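Should a chain be cited, it is by its letter among A, B and C, assigned in written order, with residues numbered from 1 in that chain.
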């Protein structure tokens, strides 16, 4: 796959400088880019490196005015344009065809130009959208709906009744729709609280490898349009995640918690149940959100979470305790001295 | 599946009020329950909502005496009765039959009315109990024993020599019996410490999706009767977990640690090795238990864990440091003043 | 499998005491070892237990001079010798043969004496080294190279273009080479930042069950020779891990972080991106390393990490705040008294 610089500039609405007729084959790092490759930079500190690049084209900030040894495309957001160009140049090879080693229930409905690989299975009454690719060993349960243009990587498991939108990518080993974790303590044993809801994953979602999204007790666990979830993340029953939320690896979200749209959640964050993270909140890695907590927009950190500024101030205070102690000691001495001086003779 | 209110009341030993002959088809939330459905409430704050319910039957606290628009079943523990009724009304569809696409070693012993689905494999000399269901792609190693009435979800892996009791549920992607993590540092490389023990999972245990239970170095890693483990949990070699223990998602338990019966462990808790959690301990999410620590009954929190009360008090103290500093400053001033006043003229 | 004590002593270069002609069949714990078994101890506190052992042979510290009821092998590092002997006595049963239920691309190159089990798949142009064993349901993508003498356990997934060295063990459910987690925020949606690099796993590495190693954005994610990684660990894109690094369960390492050789990382540790852990660092469980942080050799703890000593001192300080408060109160009183005394009458 290759495209001319001209076409790439047009695709991202950028200002072309230099020869637009040359073909570009690959995206690359600024430091390693070679002939036939395109790279980018955003900050002026990289201007010198840019002027020494071996790339055939660079994507640059639109106000960049220095001389470059190659063609360039000026845009407002170079990193974004770079990612968009990468999507054009490095389209994932699309596979088509249904393996004779796959097991597909007769009552299922399979779309056009679908790929279903060996050792994958599709349950009764399930639907697979056009151009969707289901890789080796993925297990799709009964009554599952998967939209068009999805990629379901090897050994993903989707339990029964789950609904997946269009253009969703689920990485290997992820488990969608296992029972939520709810039990009621009886006298001699725990009894499972019913977990008879489902999971809805909207369009353009990406879910990382070995992550888990549990089905709702009642109703649904929902991951909304354009949300991106990293590896080994746990999403419990009845969690509602808004649009364009980003969740880094190993974070866990307890039951019925709501994360509104456009939040960014770091890695290894833990959230208690029935919390609510309001739109625009950014939560730092390893933070802990208590059950029922409402988290407003802004940057948060620590366990239990605090605004980042407060967290830093408090950390500084803690580091200052040793000095406080010293000062207190000193004051004691001074008071003793004063006492002696004022003592009635 | 449906049952009359009368039969449901009898099943949970409750007091029937109103028409007992109506059929109930489903359990539901108090807010959303409709005709043909049964719901429950526990706390008096829900009494008003209950009086407006559209449900056909409600499970209520036994001393509840207000008028309801539907039949009711009075019990001591409504949530428990609700869960028990859900189990009656929503029995998981039981599958029977052995797929021609499964690979079953000839030396294995397969019980009556077993389900083994496509792309599942059963190793040499393994035993599968009556009515046990083994879903797509589950891999059962050699010399494994699985009791009756178990559900092994898709893509579970059980390594060789592991023993699983009756009525055990293992969710998709869980790995039982991988090598424990033990190495001895040699001069130029690590050498594996032997991991030749096994795993024993007792009756009525549930293990969540993508959780891992490692085999013992020697002897066994044991998960006792009725214990419930959430998703993405790590249980290291030689860990001993008692009966009716609940462990939430993403918690990790290091080697040889013992958790006695009837403990509740939150999510993302980390436990060092050779710790001992005594019966009745409740450990809050994200807590850290140091190696060798003995944790008594009660509620614990933080890293390293402290009794919850202490943890709260200490947190309050930390928040008070800024004020301490201010007070100290003020005292300094006062002392300076005093010094000046008492100075010999 | 059995070997004489004499041969075992020779294999570990130890000093034989007692009858060397007896056959040993198994390694075992000091407390439980029986006839035909060999055990070990390192510390003098176990000397009494050793003198009561039922083992047929004990591995002892080289300066140990007490009488034992069995043969013994004296060595400098008894635990290491024990592990080495365990490797001799308990060789994993090696399997050979290619299942007719495996799916192997015609363009792939399969070595000598390879084992490929049922429902495993090998993609186009991939290479599998001699004596490597690929268990049930493992999915090897296209253009993957796996060296000789590897064990790939059931349901492992290796994405395309990944390279695995010799004598590597990857436990069940681990995912190697899924997309790194990188997105660029556009006006209305996130766009995937290209993840077109690869993963290189060097010789003698072990990777735990359900762990994830992501492919690089560009270039490679690398895990160097002899490194051992536990279960449910997350290794992000472009991470570089040196030789003989040990990483315990549930730890997460963010993008482009470098861990130099001979580090030891506890469980549930979180590392931000672009951090650098220098050779010889030891990081305690649940610690948090901030992005960009350089961690020197030594023992570290806490979030953000501090040298262990500092962490302990600070913890003690925090516990002392209550007393500080008391002392401050007392000083206030004394100052009041002083004021009254010095007040002009």
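The working rule: a residue touches a chain if its C-beta (ideal position, glycine included) is under 8 Å from a C-beta of that chain, and two chains touch if they have at least 3 such contacts.
These figures come from a predicted structure and were not determined experimentally.
Student: So how do the chains connect up here, line, ring, star, complete, or something else (other)?
Tutor: Basically all the chains touch each other, so complete.
Student: Taking all residue numbers used at the subunit A/subunit C interface, answer same if over half belong to both copies and different if under half do.
Tutor: The interface is built from different residue numbers on each side, given that under half of them are used by both copies.
Student: Express in whole angstrom the distance between the two chain centres, defined as the mean CA positions of subunit A and subunit C.
Tutor: Each chain's C-alpha centroid was found; their separation is 26 Å.
Student: Where in subunit B do residues touch two or more other chains at once?
Tutor: 119, 137, 155, 173, 210, 232, 250, 268, 318, 321, 324, 328, 331, 335, 338, 342
Student: Which subunit B residues qualify as touching subunit C in the complex?
Tutor: Residue list for subunit B touching subunit C: 103, 119, 121, 137, 139, 155, 157, 159, 173, 175, 178-179, 181, 183-186, 189-194, 196, 210, 212, 214, 218-219, 232, 234, 236, 250, 252, 254, 268, 270, 272, 288, 303, 313-314, 317-318, 320-321, 324, 327-328, 331, 334-335, 338, 341-342.
Student: Mind listing the subunit B positions that touch subunit A in their complex?
Tutor: 27-29, 32, 77, 79-80, 82-84, 86-87, 90, 99, 101, 117-119, 135-137, 153-155, 169, 171-173, 204, 206, 208-210, 226, 228, 230-232, 244, 246, 248-250, 267-268, 285-286, 318-319, 321-322, 324-325, 328, 331-332, 335, 338-339, 342
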